[in-house]
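Consider the two complexes below, in which chain A is the common component and chain B and chain C are the respective partners.
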Partner chain A sequence: MIAIIPDILLLLFPFLMLAFKLFLTQAQTAHKNFAFAYLFILLICQNFVLIGDTQVYFSNWQIDTFGIFMREIFTLSALLALLLSENYFKHSMSEKPKLFHFSEFAASIGFATFGGVVVVSANDLLTLFLGLELATIPMYALVAWNKRDSEGTEAAIKYILMGSVATAFELFGFSYLYGFAGHLTFPEIAQALQTNQASPLIWISVLFIISGIGFKMTLFPFHLWAPDVYEGAPTPVTAILSVTSKSIAIAFLTVLVFGPLNAIHQEIVPFLALLAGITLLAGNLGALSQSKLRRFMAFSSISQAGYILIALLGNSPEGKYAIIYYLFLYTFSNYLAFFIFSTISKDQSETFISLNGLSEKSKFLAIALLIALMSLAGIPPLAGFFGKLQIFTAAAENKHYFLILFAVLNNVLALYYYIQVLKSAWIDKPAKEIALSVSTKQKTIILILTLSVLLLGFLPFLSNNLSIALL
Partner chain B sequence: MNNLISHSYLILLFPLLSFVINGLFLCFKHRKAAAILSTSLSGLGAIFAIFLVVQFFISGAKPLTAWEFEFLSFSGNLIATIGCLLDSLSAMMVLTVSLIAFVVHIYSIGYMQDDLSSGRFFALLSLFVFSMLGLVIATNIFQTFIFWELVGVSSYLLIGFWYNKPSAVAASKQAFILTRFADSFFLLGIILLSYIAKSFVFSDINSLRLENFAGQMISLGIIEIPTNDALVLSTLLIFIGGWGKSAMFPLHIWLPNAMEGPTPVSSIIHSATMVVAGVYLVARLFPLFAISGNVLEIVMIVGTITMLFAAIIACTQKDIKRILAYSTLSQLGYMMLALGSARLTDGSVHTLGYTAATFHIFTHAFFKCMLFLIAGALIHQVHTNDLEAMGGLRKKMPWTYAASLIACLAIAGIPPFSGFYSKDEILITAYQAGHPIIFACALFTSFLTAFYMFRLFFLAFHGKMRSAPKHPVHESLLMTLPILLLVIPTIFAGFSFKNIFHHFFTPENITAISHNIPDVSFIPPLAICCAVLGIIFSYILYASPKANLAKALDSDNRNTFYKTIYNKFYFDEIYYTFVRQFILGGLASFARFLEEKIIGSLVNFFSTIIHKAGSLVRSAHCGYIPFYIGVMILGVLFWYFASNLPLQGA
Partner chain C sequence: MILNIPFSDIVFYFVAVFMVLLSIAAVSSKNVLRSAIFLIASFLGTAILYLLLKAEFMAMAQIMLYVGGVVVFIIFAILLTSHLGENKLSTPISQKFLAVFLALTLLGVMAKFLFNTKELSESITQKSPEASSLIAYGERLLSYAPNGFVLPFEIISILLFMTLVVAITIAKKDNKEEK
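And then the complex of A and B:
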């Protein structure tokens, strides 16, 4: 029974935040601290419910080990996003106006996070769809959180319009799947796929489902929105889009591919392989000469999505293991980069030029940035290298050597643009001196994230309970 | 007392600690602290080494492996380990290196006190001591190679210590490249040897027997050769490593040029420790060399040529450190000669050469280190290396004067100083082994040695001051004390250790053959006569009241023969011409052509394509919503055809 308690706690979180807003209007700081503490404790609770086998609650709420790890990633991402957003509620950043209504902001993130939990707990198509929508709709609001920010509003309109099209694809795909199997629940769909001759219905369904989720996961060519929206949204929202939203999408795909669609895994794989290859190439090419950091991170996260997708080419336990490992380190590395970008952008715009001279202003930040980006680029001995290694290992088991070779070659491109960011931070001289102030709290968070990225790579035993639980 | 041996890891730990702490924390801002830390740790190391070695010899000097751990496992039975082998040879080297390191550390505090980067100096010095000690206690040839290279690196860093001086940078590069050139043969030798012996461990390698491989063939990739020949080849390759490190002719040119480094460095590296690594290697693998055909003869011939050649050059040089460098070369030649002449003309091997060579390593280390320290003290006071600008320093530096007299007598081979005993052994070895020509050369070199050392001595200390020093000349305690400390072993290391060496220093696995040993009682007096003759010659030329110093020091109006010697037989020029014409002009320019024209344009081609593709991708992100949604719908269509899903079967 105990495994469901964290989920209930998470569901309570947005309501509690809203209730505070209604009844305790004065204590603004207390709201923030409560939210941080609540999510942190929740994260610890989730850590204690590592279960071996699948447990089912309320007939279709199923919790398995993969789900637990994904919950941890979602919660971690929500916590880090709230921590990152703190400064944006205190004062305006140079590019972005000040944000208001922290409680609602936190509640929206809480709802989105719960949507992710629904996705990994779903046992039928309807729940799965509801979870995905629950995770998406708050995001639309979050992107346009400040109504006075015209860029944010524009981004939100793009996001919601294209998101609706994607949802339509999704539903269309689901309807064909239902038409084929005659059932909504996963076990029955799996059964139907195993017994019946695969009909064209199922392939149309797969095509549309993957196209729909391709929007959220920023797969080619459904990724066009990402740079515009990432650039327009407030930085914490960009971070949560690139981590939570993407993780939910990959979880959705994992649940389907290794769940009900497992019987036709071999037929889907070539499609996934092509998607992964083209996506990471498109992301890498787009990132080559950017000047704005958030836009750059958008392209970088597009190519990361391509890498994660490669793990789906593997078989069930290894593929899931690689995905979780990669998402953990992706969360750490990405948030680390966003924390640094938000630190420097208090008085300057978030561009490459603002990074100039960082190594002289703050060695600490410059080294943290180095570690974050080298980890994203996959340089040993940082976590990113081992993450990519896991992914490639998973794919190699099914002999996708050509794709792995292609991905590794693409890494050279990735290294090129990550190093360009580092060049701005370490080598280029600033045109004018702008003082940099880093609060102790930010420093502590950056330090913790840096150590996580370092240690996840250096100390393999940290990920051992992961492999024991999954493999 | 067994504790000491089980704690023998301390030998390496002290210098390593000093290197790490100095290198990471102290070397930039706390150079005084760095000096004190390094010196005290090296002092502790020296004391520990003394106790360890004494205990080792008291307990019978049985070879033992004090500790060992696995480092790299190549295959099930070919495992590289890092360990500590204690036998009489390594114990002697540990003692010598530790003592000399300590003395040089004290001396460096005085010598480097005005240098702002002395913190770095002490860190590097500790690294060098660490590497050298790791080299001498190696249990296997792989460990030897690791530390061998570390020694090379630290020597490179120390020669180029004053890196804003172009000549120092050039010298460090030259030393590194030349020794690396030789080391590549060494590595080849190790590979071949471990391929044949299936082991890196010295005790396995030294117990190889040619008979065991009779009739076997071994494939070297392209050709098949008899295993016996391969073994001899590998021994020769390994010797080439020692050839470079010990700066034997014609790979010797780096050593005199390495004198660009600070004098304490020359003292510890280029006289007492690193350059004997080559000799040490031959001694360590002596049983292997002994079975390997004519390799020992090659060793002997190389040693003899170097000995004679360097001594002749030393007679004409004016740079005080270069004279000492050439004398080092000459002494190393002696050691190689002694090792090489162990093979008798009838093919049997005797062990006196081994004893003589190790004995000479031991005695030479102290007096040569001392001579360099004296040279450093002179340079520190007079601010020049040039003998022409010295002279008459006897009264200003009385302690140094006395010490250098002792050191010069020692190297010249006058009893009762240590050099006499070990050199005597070498001469006897050469004679007994039945090589009369080699013996004559050694004797003649003994005369030359006495001549050029006393030439240096008289020119530096006697006569009148030939140039007025800028600062008042005096002796500083920190620099004089180490010199005086070294007087003790210079006097006593000879007669008191002679029996120890005879007793403990015979290589394993070699049965000494003693048959019709010729009478050698005439050799010691003859050697003394030669040395005295040399001293008298140099007195007449450079110190007697009638000596015409201006003529003796003139190097311009000389005959061609003298000039050739003065210019070191033009070896530097030959090397430079070769490097410039053949390597830079030929190979390097070809490689550059490949790099620039072919590889470079390929790289440019690809990067242009990728950047073009990048801008194409970026142009799709136009921010126009109808376009975006259109692309989504077209995207589904695109994947309908491109996705490889079995859709068309519908």
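And then the complex of A and C:
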């Protein structure tokens, strides 16, 4: 019964946060510290869950190795998002009014994280779908958290309208899969697919499911909402969208592709390869001409989604391993970039120009930014390089050399725009002097994240333990 | 030839055509109130389809929840919100040609796939034995067995609670300290 305890603790978290608000109205900083401590302890608890055989609770709640690692990514992302949001609740940031209702904010993030846990533990289509909804609906509200910011409200309306259409697509796809197999549970769908692979119903279903999840993963033809929503949302929410929301969508697709749809994996692969290639190119071309940092990060994360999709072309354990590994490193690099953006945006908006002169004001922050962006671009010896290496290795096992070559060429394009950001931080002179004020807490977090990005790639304990666990 | 077609098929096509027309009317109507009324009618059509599939419970739930609850609620919201039902909505589609082309392509692809599916034309609708009675429904919904649905059932309650919490947080008026 040990493995399910962290899940129950995670489910308890939002309720505790709401209870805090109800009964302890005076304790303003206490509930923030409580949230950080709770999620940190939860993360440690999750590390004690033993990997190995799949364990099943309540007959349908599955905890497997992939799920255990994904849980840690979701919790880590929630913890970092709350730490990032702390300053946004204290005063106005990035020329937007300050946020309110920290308890509900933390509770929504807790629910979204639990939604991710439901996705990786689901054993039938209905639970899987509900998990994804549990992870998506709080995001709509989080984007609109700043009620007095009309940009945020506009972004939320765009997000909820397009998100609902995507959900409808997904359900439509599921209904055909159910109609084909006659069952909702994964083993029975897999069995039905084994015996009858030629039915056209499967293709309709796969088409609609990938369209629906493609929206949430910001794949190419469905990515147009991302830049607007990422720009309109408060910065910590943008960070959550680009890490938690994206990892949950990827987990959803991984669970389906390597689970019930494994029998037709070879037939889906060309479709996924095409999507991955176009998404990479669309993300990279879009990022080239941006001047606002959050919009830039949106395009950057679109192209990252393309990279992760490449891992799905591999076979089951290697592909899953590459996805987990990449997501761990992506979480660290992405949050590091967002933490640095939050330090410069106290009195100015988050644009490339606000970064000007950062290297003179604080060498430490400028170096941390260098490390974060180079890791996102995939430069050795930083973490991002090893993540991409694993993804390409997974795809190479099924001989997708052309796509890998295309992805590597895209990397060159990506390097160009990441260096553009560095140029504005290191070379361009600022028009007016705005003093930086970075608290010790922020500095500590940035230092820890920088060291993680630097070391996690080539210190072998993470990659070795992961590969032993999964392979 | 005509005599071979079962009566239920004729009813199905009749209802289906009506539903398509009503759905188009619901999205293209310029008046929100009228759209809601068309929506009710198309939900009734769905209920008839459920009856044709011998899912009486679903048909009842469809009428009680959607026709009786959700849409009436929408109509109340429209009528209580001042001027929402009076102004004409304009929903221009900027790239009409492209939109129609894409919609027709999708329809064509779906039709091609579905006409090629043998299971659809051969299988006969019959009641599944598991769903024979309301008691069986309820037992399966709350059962811990591998084909039971207690887990999704519980997750839905969390989902609804969460939606309420975030919706209230977004919608409630600002306190004094927030101004």
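We take it that the second predicted complex is superposed on the first by the 469 of 471 C-alpha atoms of A that agree within 3 Å, B and C clash if a C-alpha of one lies under 4 Å from a C-alpha of the other, contacts with A are read in each partner's own complex, and residues count from 1 in each chain.
The rule is short, and it goes like this: contacts are C-beta pairs under 8 Å (C-beta built on N, C-alpha and C of every residue); 3 or more make two chains touch, one makes a residue touch a chain.
In this text the structure is predicted, and so the values were computed from the model without any measurement.
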{"item": "Partner chain(s) touched by A:Ala166 [first = chain B, second = chain C, both, neither]", "value": "first"}
{"item": "Touched partner set for A:Leu224, first chain B, second chain C, both or neither", "value": "first"}
{"item": "Partner chain(s) touched by A:Ala144 [first = chain B, second = chain C, both, neither]", "value": "second"}
{"item": "First (chain B), second (chain C), both or neither touched by A:Phe23", "value": "neither"}
{"item": "Partner chain(s) touched by A:Pro200 [first = chain B, second = chain C, both, neither]", "value": "both"}
{"item": "First (chain B), second (chain C), both or neither touched by A:Phe58", "value": "second"}
{"item": "Chain B versus chain C as contact partner of A:Phe215, first or second or both or neither", "value": "first"}
{"item": "Which superposed partner A:Phe271 touches (first chain B, second chain C, both, neither)", "value": "first"}
{"item": "Overlap of chain C and chain B interfaces on chain A (superposed complexes)", "value": "200, 203-204"}
{"item": "Footprint of chain A on chain C - complex, ascending", "value": "110, 112-114, 116-117, 119, 144-152, 155-156, 158-159, 162-163, 165-167, 169-170, 174, 178"}
{"item": "Interfacial residue positions of chain A with respect to chain B in the complex", "value": "157-158, 161-162, 165-166, 169, 198, 200, 203-204, 206-208, 210-211, 214-215, 220-222, 224-225, 227-228, 267-268, 270-271, 274-275, 282, 285-286, 288-289, 413"}
{"item": "List of chain B residues in touch with chain A within their complex", "value": "610-611, 613-618, 620-621, 623, 625, 628-629, 631-636, 638-640, 642-647, 649-650"}
{"item": "Sites on chain A touched by chain C in the complex", "value": "11, 14, 18, 58-61, 100-101, 104, 107-108, 111, 114, 118, 124, 126-127, 130-131, 133-134, 137-138, 140-142, 144-145, 147, 180, 183, 185, 199-201, 203-204"}
